[in-house]
Structures are given as structure tokens and as C-alpha cells.
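Got a structure for you, questions after.
For clarity, chains are labelled A, B, C and D in written order, and residue numbers in each chain start from 1.
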């Protein structure tokens, strides 16, 4: 930790900061500058908070040096983590593609989509049974019945199922059916939910909050990991910016950046990340090219009749074409799909 | 609703859109333009979703005209809503100031701060018993014991208490103690929590999500209102932007803007909105000047020893000065404090 | 300057960084940490660039400690700078209000508005003769003729005139007429223009770039100051964020923050900062309450017929009311208007 | 154009709006809704400004339907434009890679880099002779001498040269030497410069402003095109967002989106767009995969000694590797490099 003192900090202020550091069993080093003084801390800086230091008189700001997450950190594992998805994994050589409708609508729909996406090469089936809707009057999902339709589709095709969990009180129910739990962007910082999901030990897809920094994103992952659940898949799904041509700005540079910061696998959601059907194909290819370990894509057998997210949903035949288009890209970066 | 067709939309596309509108018992009006066609919908546009319309072939985009919230809308009430806070209200002529520490630390601390802020003129006491912390290893609050300390401070001073509720499973417990429930920025779109809080009928302070549009903010309020709980106080607490000189960008223009869109009261949190102690005084005065109905401010008898948010916490004597400084501003806008 | 080394930096990397620092006649101090090493630089850190240091092998990042602007810095002057505006100044006790139409349209219009805003208490008259328009086919201003209309209005009322300068090649012409030159948000980082304007020694209103950090803003001011022109007035005019209810997000917290970082006066433009007529009055009052030294406001005798910026322009009678409304706010913060 | 009236707009307000539309020789169509009225305009909506309409009493907002640029619009040309770059073009099947140092430092440096990037397959050489620097005290470029070094490198290798032009007064000088003029992000809305550059008829690389919408970006291109210069290459170079792990957020979804909106070629600058050397390789591959027509990349024979942008500059051997890595990606999207 580095503490920058104000240019008009007094001798007493400087002494006070140094004493507080010593109180935490750390060693302060005073660096006397021409314009202002700086105090560096040697030792385990997690013993003292930068918030506390910044609140001391005469302190301009403090600058932490270490990452605020431990288990998620690349420093804790040089080797990439592979998270089990049915018989396969995400995070290894094979790129895992998860596909399915925004919302579960019926058993027939789910089976129909499941067969189509499996044929095209999907690794898992997605579908929302509990839906987080901005508008309280919008369709909120089929809930338990939706989970049963998902299970029926799994039985038919063998595809593991991915579905979102919205609340602590339904984690148990959802975990009975799902192979992989999904935490949506609006719940990335719902820390109570993260803890409960951590306790299940089920694989979790954690979507980045739409305005979360990478540091906050990895600390959210740490909430799950620190409950003893090592199976976290990170998902970039677009951030909120001033741009209006897309619903969100899909920030692909986080993929290679996260690869340096963490050993966890990273997938991309081009459907929510753009909100536009015509951008799914190019942005999926782009995701593979920058090093993503997988994709999660909204696919519907008839997007026109989709109960939600129609504009960003592609047809099963578009999905088949997309899988074909991605193959040479995957090969170009020494992956398979 | 206005549907803008693509310039190369076919006659069949246009007919299809018109038929879908008629299917929803609405009346389409085709406006044939020189470059492209536009279809307007007459009638209750909530009967059809813009998402659905945008997913139809040949549609470029659809533009809703009505607000997506009803009870919260200014159109539902020309009169301002006043929410009860103990014997007083927020939303009327008196500006309601809520003050207290970031976290409840001890009964002694709470009583000490409560006496000081009451003397200075605060309307209610705040204090966090359950704390949402970005880092899983940070102090998470005294929880039930913290609620008891808050209750002790209320007993001593008569000040109603405001405290944050983090999860559905603790709403019942928190509601037993609190006079006003607070929903934090990270939970603004935790819709399950909003529903449960709505059921309590307790007054709620709903903080704006750090990247929520006003439309999303008011729809979140609608989640609470639609459960039959009319007592919602909106709170601007800063948004996430590219600015780094403050933790967030406190967007004061939302105050007069919300006054046009809704009848609900609006308060401002300059502590989280800036993250800097030295900005609390000017931004509080600015909030009153733009028309806020109240403020929520972090105050500690000894910010240096505060367990969290030290850098943005002011002392009880700073708070006393701030209350004095705000009086003439309040008078200037025909309010009292 | 603080240089944080990567956790896997070699001894050779560390030696190399230290040698490069010594080559610049600075003294490196190696702080050996448990997880990684940090090198602090004692001395005048402007002798070495952080970009250069970050490009060395083994370096994770460098953190500069000093501000990158000198003349603009508060450290260079504890006393507030007052910039002359005709016989008055901006930056002293009197709050300077500059008012007038978006664009100069005719001599009659300018004289009519000038008389009205003078009567209401404005310190100076604004009006655009050269207009920066996003659309190449929009009205680009009356140019030289516009400057003459401004001069006529000054002759009639005695009000000093403020007008925007768009290009190096017209600085000479504009400076012949204007009392104060204005640099618009789109030209804040047009460094060639800043240099030429710096050479004129005329007072300059420098608008913040719509996505400029405070550091970049003050460095832009430094471009003008470093040409020997001390008369720079900073102007917050709204930043670009995800918000859509206003054209820009007016960030009032920069006003008290800039007061700490610089001795230059700071004014606010609520017209461009919100883009909405109904928000001008509250946001002007808020600007005064947070400590602004002045305002620049778009006023037109008939906004309906205004050639540009109609939606954010107020009438002369609204302006008269606004001036009255601001008086008690100004008094509340020990200023006059 | 669609004009949404306020819910409390009077009959007189509605009549007034309709009359103003008729005055502009356009035909208003009144759509009477249950909650509010809407007025649609049939005809060439460029005859009336939405700003003007929004300033009329009773109007809530107006929504333009047509794009505000014409020559740049995809509607003006279904065929992609190819811009000449020496003997080759950008915008056709071959992906054009432009490479070279941030700043021209010496003739020897330029020739050395030019030979290396040509061998690796670059289509053109970049190098800054006039440098826009945020800090007035930073190195501002070798200027005329720098242009001569660029010309020497062209003579040696035959590579066409790309260099930035900063000011109207130097457009003539720069155009004497450069094959392609570059407009930087800070000058995207320097409309006077765009006009002068438009007059030269030289190919222009126009970088997106760091907070420009696509609409503003294409209107800036229109400034150049409307001077009779058809040779504009658009360049995405990262936008300013809340993200801090990269200098800017490289928004790759604009590439396929721009392909729909315009016929102009689009290239990507991963060097400025990320600010980090280690992200250049993956983000370049991603750019090709999403459909970019080219790249502009900072390459230096010895980044450690680079006078600027060291942290985001790659070596000539990294560049050679990158060119090899991109080949299979280019082939996968039916392009060559």
C-alpha cells in the first residue's frame, strides 16, 4: 500500500499515519519528496484497509497494490480451471457453446430447440424458468413448471441444463433441476445470493454486472469460491456506456485481460451484449478470436413468437450456420468447437 | 407505439406487422413516407410489446410512447406523495435529513451519534446492521445485534430508524426493528427482494442502481408499489461514469426531472454519491437548491475509527455546521429544515 | 512516482528499472514486499515519464503522484484568480452571469436580448457567430456579420461580449470583436487552437470536453496558461454518460473539487449541460449552492423562433425570474449576484 | 418525424404544431391516442428541425426517423467503397494493415521500422510528425522534419505513408508528404479541420471521437464527404467508459453495425483502443473476425526507447507473429491479408 500525503500535511499527521500502520503490525517507510511525502507499507496489506487510511488527517489518497481477491487470482493458480458441464468441461481446449431460448415456454418448445442445438454442436441447453424482468407487469417465467420442461429436454437429448436463479429462497429448487446455475447481471452484487449459490457446489455461470469493474467482478466470484465452490465460469455480457446502437457495449478486451488476472474460464453472451440479432454471428466469431472459452446464445425455433428477447434471438438454422462459421476461427486459435 | 420499417421492407412485411397489431385488438395506421414507412398504433400500447414488434421481419425499431410504470407515474397523481417518517414526513415542506454511521458498531456509538444528529435537527437515524460488501472478506455488519443497537438509540432519542435490508430471508427480521427499510444500489434490480419489501407496507428508501436509467428506477419503484405499498422514497446516490475524481457522479438533474415524472419524494445521498468528505457540504446544499425532499448522510462521532466508509463520513460537528448552512438554502427555495 | 513490479519480475528487471531512474538523475528506493516489489522515486518526477517506465520489462504499472499541470495547480496559488469581464470580474465575490442566444441571428435580436439580460443583472452577453454544428448541413452561423451584431449590442448596453472561436484561422478576427473568447467542448483538446488563443492574452472560457477527466481539463487550461495568458475561466457543461433523460449529465461535484485543485474560476453551463429548458432554473440554483463562480445561460426573446438550441433556451422573462430566484441562494453561500 | 405531445397539451398547442409543419410545406398527421396525442410528419423531414419542434409549447419530444447523414449512408450506396492506399485499397477483400511507431523519431528509426513492417506484410506505414499531447510540456513531434523522415522511409520501401494532421494551417504541408491523412479522436468534431481536409481530396482515416455516437461519427465523415472527397476510412479506436483495466473500451460491435449503416470501410486501432501491449494480438484477431477492413497498429523496433505510447507498442517481431496469427482468421471470414 502506498499512502500519498497532502502537500500541507503536518509532521503530526505523518507521525499519526505511521503509528496507525505500526498498530496493525506493519512497517511504514517514509519517502520524503520535494513536493509531498509518501508512506509505503511493507507486509501483508490486507491487514489494514485503504478506506481507513484515507480517512486519516493529512492523507490525500492511498493506493492498494495487491488484488482484493485471492482464490480467483491468477497468482493462486497458474493452471487454467476447467469447470464440468455434463461430461464435458468449459475452460479446456473445446469451446463450450450454451444455447437455448430466453424463456422456457413449453415442453414441446424446449425439446424442439434442444434437439436442434444439440445437432448443431451445443454443449448445454439454456432456458429461463425464473425471469428477472425490469417491468413488474412483464411475464415472470413458468418457474417450477419451466424447470420440469428443462428436465424433459435434458432427458430427451442428454444436454446438461443451465438456468438462472433469482433468489436465495429458490436456490434449492433450481439446484434440484439445473446442472449449472446462472447468476444474472442484476444479481452479480447480490452477495447473499452468491453465498447461497456458493454453498451448493454446483457449477455457476456468473454474469458481469453491467457496470462492474473487473475488480468487482472477481470479488463477486470470490464470494462463491470462498464458500468452497470452485466451479465458477465468468461471463462478459456487455456494459452500460453512452452507446445507443446496441443495448450494451460488449467489451471483448476483458476476455484476454481476465485470462491474465484469473484462472477461471470466461465465456461471452453476445445476445444480451448487443441486443441485436444481426450482430450475434460476427460478435460470436470475435469472442472466439480473442480467446473466450465459450458462448451463451439465445436461440429459438421461432423468434417471432418468443415471449422475450425476440430482437436478439436467432433461429435454430442461424445457429447451425454460426456453429459452422466459428469452426475455422476456433482452429485458428488452436481450439475446437 | 411507433414502428419504423426498414427502407427495404416488403409489402408482405408491412402487412404482417399490421396484422399482428390487429391481433392484439389495436389499430395500426400506416404512414407512407418518401424514404420508408412508419406504422403508428392507436390504443393501449401495453397490450403489445416493443420487443415482439422489433423481432418481426422488416422492422427497424419500435418506439414506445407511454411510460412503462403506472402507479409511480406523475400522470397517476398530480399531488406529491408524503411518506411517513416517524411523526414527520418526507415529501412535504420540511426537508428530511437522515443521518448516522455507515455501520452500527456498538450501542454506545449509536446512542452517541443519535443524540448528536437529533440535536442538529435530523429527522431519522441511519445505520447499517447488514452490510453489502464488495469484498467477501470485509466486515459484514453486526446483523441482529446491530438492529438491537439501533432500537436502543431510537428508544433513547425517539428518532425513527432507517436500515438496509439485503435479502428476502431477513426482511421479516429487519422489518421488526426498522421504521424505514433501505434498498441499496446493488439491489435496486433484485426484483424478488423488491416484491417482499413491497409486501411489508413499511416505508422504503429505494436507492437508484448505479447504472440505472430513470425508467428502470421508476419500474423498480413500481415493483414495490404494485404490492400495495405506497410508501416509496427515491434516492439518487450517484451513477457510474468515466469520472475518477469522485467514486460516483452525483447526478443532481435527476431531482427536478423525477419531480416531473413521478409524485414520489426524492432524496439525495451525497456521501456515497461523491465518496469524499469535503464534498458533502457543498453537494448537500446543491441538492436542496435543485429541489430534493431530503438527504441521507453518513455521520460518525469519530470517522477515523469508523469500520467502513471513513473517507466519506463527516463528524457530528461537521453535521451540525451543515444543518446550519442548509437552512438559508432551504428558505430560498421555500422549504424548511 | 511509484513503480509496481510484476510478481514474476526478475532481479535483472528490477535492476534495469533502477538504473533507468538513476540515468534520469533521480533516486530509486526499492521496497521489497512479500508478494511483489515496488520502486519509489524520490525527486522531481517530471524528469521521467510514466509511459516510459510502464514499457520496461517486469513493470506492472506506474503511479504518478504529482499533478501534471503546474500553473493551473492550486499549489501554485493559494489565492483565487479573478478574471476580468469588462469592469467586473469572475472569480470574486460577485457571481458572474453570462446570458444570450445560442446563435446571433440579427442586430435587432442581439440588441433586444442584450437590453433584457442587462436589466436582469447579467454581467456579459453571449452569442454564437461561428457555430460548431454536428451536422454539416445545419446553419453554421453569421460569422463576421454576427460579430458586428454583437459589437452593436455591446455599444448599446455596455455589456462585454463572449463568443466562441472555432479555428486558428479566425482567432484574430474573433479577438478583434470579443471581450472573452470561448472554447467549446468539442475543441477542448484542439491543442493548436488552445495555443493560439493563449497567445492573444484575452480572457478565455474553456469548456470541459464532454468526456474529459479533470486532469485532462486542467492540462488543457495549462496549454493556454503556458502561453502567458493567465485569464482562464473553466466551465463545466455536462459529461457524456449512459443517462438519456438529459442531453448530458451535469456533474456539479466538479465545482467544489476544482476549487481544491486549481485557483482558476469555475462557471457552469446548465443549458448545454441538461438540454432541457425546465431544468435550467433548478440546476442554476444548484450550481450557485455548490460554489460556482458564475453561469452561462442561453436566453432568447422568442425561443420558438431560435435558429438553434430551442429546447434548452429560456425566455428573457424566465431569465429575469431566475436571477431573482438565485439571489437568496447566492446570499446563503456568502456571494452576491 | 414523430412529435409526441405532452398529456396536458392544449388544442391550441396541437394546432400550432400542425401549422408550423404546414409552414414548412410538410403534411402533419394527427394520431389521437387514449393518453396523449402524436403528430407524424409525412415528407422530407430534413425541411424542419427536431430542435425547433421540441421548443414548441406542449411538445414532449420529437423523434427523427431518417439518418442525419446522406452521402455516408448505406442507403446511398449498396456497394462497399474501396479507398486507395498506394497501389492497394482498403475496403475490398484484402485486409489493410497500417503499422509504425507512435512518433517519428529519426530517419534511421523510420526506415528500420518500415522495412520490418513491409516484410511482415503491412500495407502502409504510420508515424506521427505532429503529435497531439494532453500535456503541454510533452514532446510535440518533429513536425516538418518528421514528414521528411516519413518520405525517406517511403522512398526506401515503397510503403504509402499515413500521418496525423492537427490543424488547418498545416493541412497543406502535411498533404504534400502524406498519402493518407489521419484525423485523431480529439479532432473528430473539429469541423473546420474536417472541411479543409475534405478539400484536399486525399484519403482520410477518421478516428471516432472517444465519446462519439455512431450518428455523430458518420456526420463527421459527412463533413469530409460533402467537400467532394469520397475517400474516408472510418476507425474505431475505443470509447471512454467506466472501465479502468484498459485505457479505453474497444467497441468491436460497431464494426458490423457500421457495415449496415454505411458503405465506407472500417478499420480498428487496438493500440490506442486498449493501451496495453499484451492485448494487441487478441484484439487484432477479434477485429478481423468481426469484419474489420483493416487495422492500424503501433510498432517500434525498440518500444523501451519509444518517445511515446511505449506501453501499447509492440516490437517488429511481435508484429511479424501477429500478421501470421491473423492469416487463418482472415481466411475464416473469406478475406486475405
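Just so we're on the same page, a contact is a pair of C-beta atoms (placed from the backbone, for glycine too) under 8 Å apart; a residue touches a chain by one contact, two chains touch by 3 or more.
The model shown is predicted, which means the values in this text are computed figures rather than measured ones.
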If you check the contacts of chain A and chain B, which chains show up for both? C, D
Larger contact count among B-D and C-D belongs to C-D
Between chain B and chain C, what is the gap in Å from one C-alpha centre to the other? 31
Between chain B and chain D, what distance separates the C-alpha centroids? Give it in angstrom. 39
Using the average of all C-alpha atoms in each chain as its centre, how far is it in Å between chain C and chain D? 26
Chain D, residues touching no fewer than two other chains: 211, 240-242, 244
Pick one for the touching-chains graph, please: line, ring, star, complete, other. complete
Using the touch rule from the top, collect the residues of chain C that touch chain A in their complex. 2, 4, 7, 29, 31-36, 38, 40, 42-44, 63, 65-66, 75, 240-242, 244
Going by the contact rule set out above, which residues of chain D touch chain C in the complex? 46, 49, 51-52, 54-57, 68-69, 132-138, 166-169, 186-187, 189-193, 210-211, 216, 219-220, 222-223, 226, 240, 277, 303-304, 306, 308-311, 313
Residues of chain C that touch chain B when the two form their complex: 211, 213-214, 239, 241-246, 249-257, 260, 273-274, 276, 278-279, 282-283, 285-291, 325, 328-329, 331-333
